[in-house]
């Protein structure tokens, strides 16, 4: 395998929220929900994004504007080129049959679970954001349980608050989650309480993406290749989860 | 099964086998060092530490190509103060841990070495040979015999730990540099660092792929160069050599030992064979030794020399 | 089909396409040069010629490994008198033919250049960069800026042909050497020769495989180093560059042109893709140019620079 | 492919003539009669030899003692190691069915056609040498027509003399030959005269063996990869055949 960006043309762009856009491009090859690709803007930088759409040979990434890189990406127009390498990492493991599951997306974390939600049958989909305009993919699924911190739409409260209610009512065999790590940690604790298996996708600063540089460590697990998705059993041995992360320089900081 | 001895004595440090995690690969946190030791490494080296924190170059920082890997990480590291907090209780890692220290002047090397002196490292490696980080290594003239002598002497004065000086494959006077290190009190030579630098251009975007444009070449591409360097350095110095460059199989490791290395560093092999490359290489070495009638790995060292 | 122009003007020599047979590969006889021209090379270079005949090193002289090739042929050649007899009627070869001359002192370079002056060569290449032949190239200090200047000047004085000075990838001061060649009147720079040297040890016999033990590394292993050298030399000199090192596909050739080469040499590619590598590379370049909207190969030269 | 010697143990040695020995070793992989291998003696040299025997996983090379390398090889004992790489080159093309063919070996050239003679049905096998003790493989084939220059055994005269007689009597569809180039050239001329296709194996000084160094040139054909076996049609465009060869240094000399 050669780990180098392949240049693709942006063939469509969709505004998802005031601060998030989806960029579509031609994509060949395999993809498991939860895996990620490295997106390269020549002479600028290269950063990790989940595929939020995958359909025949067209994939999409949904990008929240944050710092230098995502701001530059947001200036790209249809026809512009970006580099893609990957997919990398270990995605979510789907459950076959019709056991009930719950899929929880917090903020832009929704992008990571979007393709999983496309595939996993019989799943309750929960999305939470701070406020209504930030909600993603509103018309994508047959049904989605929405919540906002400020109550501007749907359930008022966090995804964890809503999830706690749902867990009481349904017999979930597994709960999937992606979002801020504080949220993930609470989901993990909630699952432990109720003896439900959970799978969460963790973010860490990514450089190589293929397990060599050690940048993305979380308790000896490389997010980029051992993760980004980890299950309850993995998380039990990952004391850094929910506690500390490593910055670009390698400094350990509290989350 | 025949009893085959893989353990090695490297400057009075006992390694259960001759494979060592090379610096800059996975050695960012204590937890990863421990994991690599559990994957069978005979020793592990931390990612190089400078006095102050460094973010390194922009991404892409590591890419691969047909013949190996090319990287310009740019010595990202949290600085010596944070490193001191990160790397504690090294006894529990399960294998000897080597520090790797860098600086832009003699004084910085000394400061970092002092900063890490109470941490329980088994040795200190000094790379004077990075080909792609301004201020350090080849890009600041640290690869010359004189600079090598000066930096090594300065660190030698303030520590009793074994010092390994890590040299570049991309300088003609490699044996002179190795001798300068030996004369200055180095306990061993690590040969070699990444080569080049090299450049890979993405032709569709017409731009170099690496964030820093150029980077050090490692892996298969480097192996014959590294073997020759070890072969030459073996003739030039009396101190032991850690052979590094393109090792990902037991055969490669044996080739490096025959050229004169006492132990071997593995970097790119973590990618090509997986994180358990260390135990794989050891198993392959053992197998070869049994088939070829050797029972002590140390008997292989330097036997390619006449 | 779109019209794509591959032809190149290299120091007023017209090449029908930018691929050139590198020196030392197949260029031993007139008949082989002709065959390579028929296989689509834009120009062909003869194997380097010294004043007296040389048998070169013992076999194995050329071997391959995972990432490329390693050779220590040792400049076997029949000497200038025999070469003059071998290389006649060069007009009929079907592509420009470049001489390659070597010597152990300025005077020998001059003698060989003079000896071949009536043969109809289109240019003279001077390799000052072989890493594995005592008396020549790196092993006799010809790769320094001063020696490069002296040898180039000496040859410049006695010929009006374009002179290409071929430089080593394995010296840190590559741009200084290129500039010395330019200052001395070189018409172009050939970058690069084989790298290293490297060594491959056969572990069953415990012996280096090459007859000369060490040899120059070429092919995929060399490509990123060669691209970087071309990129650097392009910034340092105004004369054109022939980019050599690891080129075996159209994409590789385009990468080299983007780094700053006007034409590309192909050696190891003759092994990896076959003797018709030249026409294959040209077809692939054309295809890529059509797909990417280029119609003149010269528009690619140096465009990876900001 | 990696072109490097593989070390094998000599498992048997057979004295074939006072100056020729066959060395047997384990050999895996494909082999076409007429191809050759490079034989390496570490720290000495590495030279080309045809496989003269191939049987299951054991191959043999029959080596005539000549200069430094073959003398050293002749000192090797059972259990000693040599390196082998290859096989290289293009061998003889066999004819299917029962058309008559003739296979001619001159001197040690017999080694090159020995495996061909094992395989090609309905072939007249002709061997010539200067004198009787130099004849090879005397008991290997059902029938073999032997000749010696000095008349010490069989037909007195050269293989070409004998071949001329045979051609008058048989309707050969193809004639294969290996031996001194002067002989090969005469066989080629004889075949042209009688409009019989011929295939001959040519020797040139070999270095790389895989077509890169140009050492083994014969009129633009690389013996090592385009040959060593050439047919009448090839030979027509090879003016050097029978005339000149290239020494180790690259000097062209008359044959």
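Chains: A, B, C and D, in written order; residue numbering restarts at 1 for each.
Convention: a residue touches a chain if its C-beta (ideal position, glycine included) is under 8 Å from a C-beta of that chain, and two chains touch if they have at least 3 such contacts.
Note that the structure is predicted; figures quoted are calculated from it, not measured.
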item	value
Chain centre separation in whole Å, for chain D relative to chain B (CA means)	51
Computed distance of Cα centres, chain B from chain A, in Å	36
Separation of chain B from chain C, taking each centre as the mean of its C-alpha atoms, in whole Å	34
Per-residue overlap in chain B, given as positions that touch at least 2 other chains	65-66, 200, 204, 207
Graph class of chain-chain contacts, one of line, ring, star, complete, other	line
All touching chain pairs, where touch follows the definition stated at the start	A-B, B-C, C-D
Complex interface listing, chain C residues touching chain B	65-68, 70, 138, 170-172, 195-201, 203-204, 206-208, 214, 217, 219-225, 227-228, 231, 246, 251, 254-255, 258-259, 288, 292, 303-304
Contacting residues of chain D [partner chain C, same complex]	1-5, 7, 38, 40, 42-47, 81, 83, 207-208, 210-215, 217, 219-220, 222, 240, 246-252
Of all residues in chain C, those that touch chain D in their complex	24-29, 31-32, 34-35, 47, 53-56, 58-66, 69, 71, 73, 76-79, 82, 85-86, 200, 202, 204-205, 207, 209, 211, 267-268, 270-271, 275
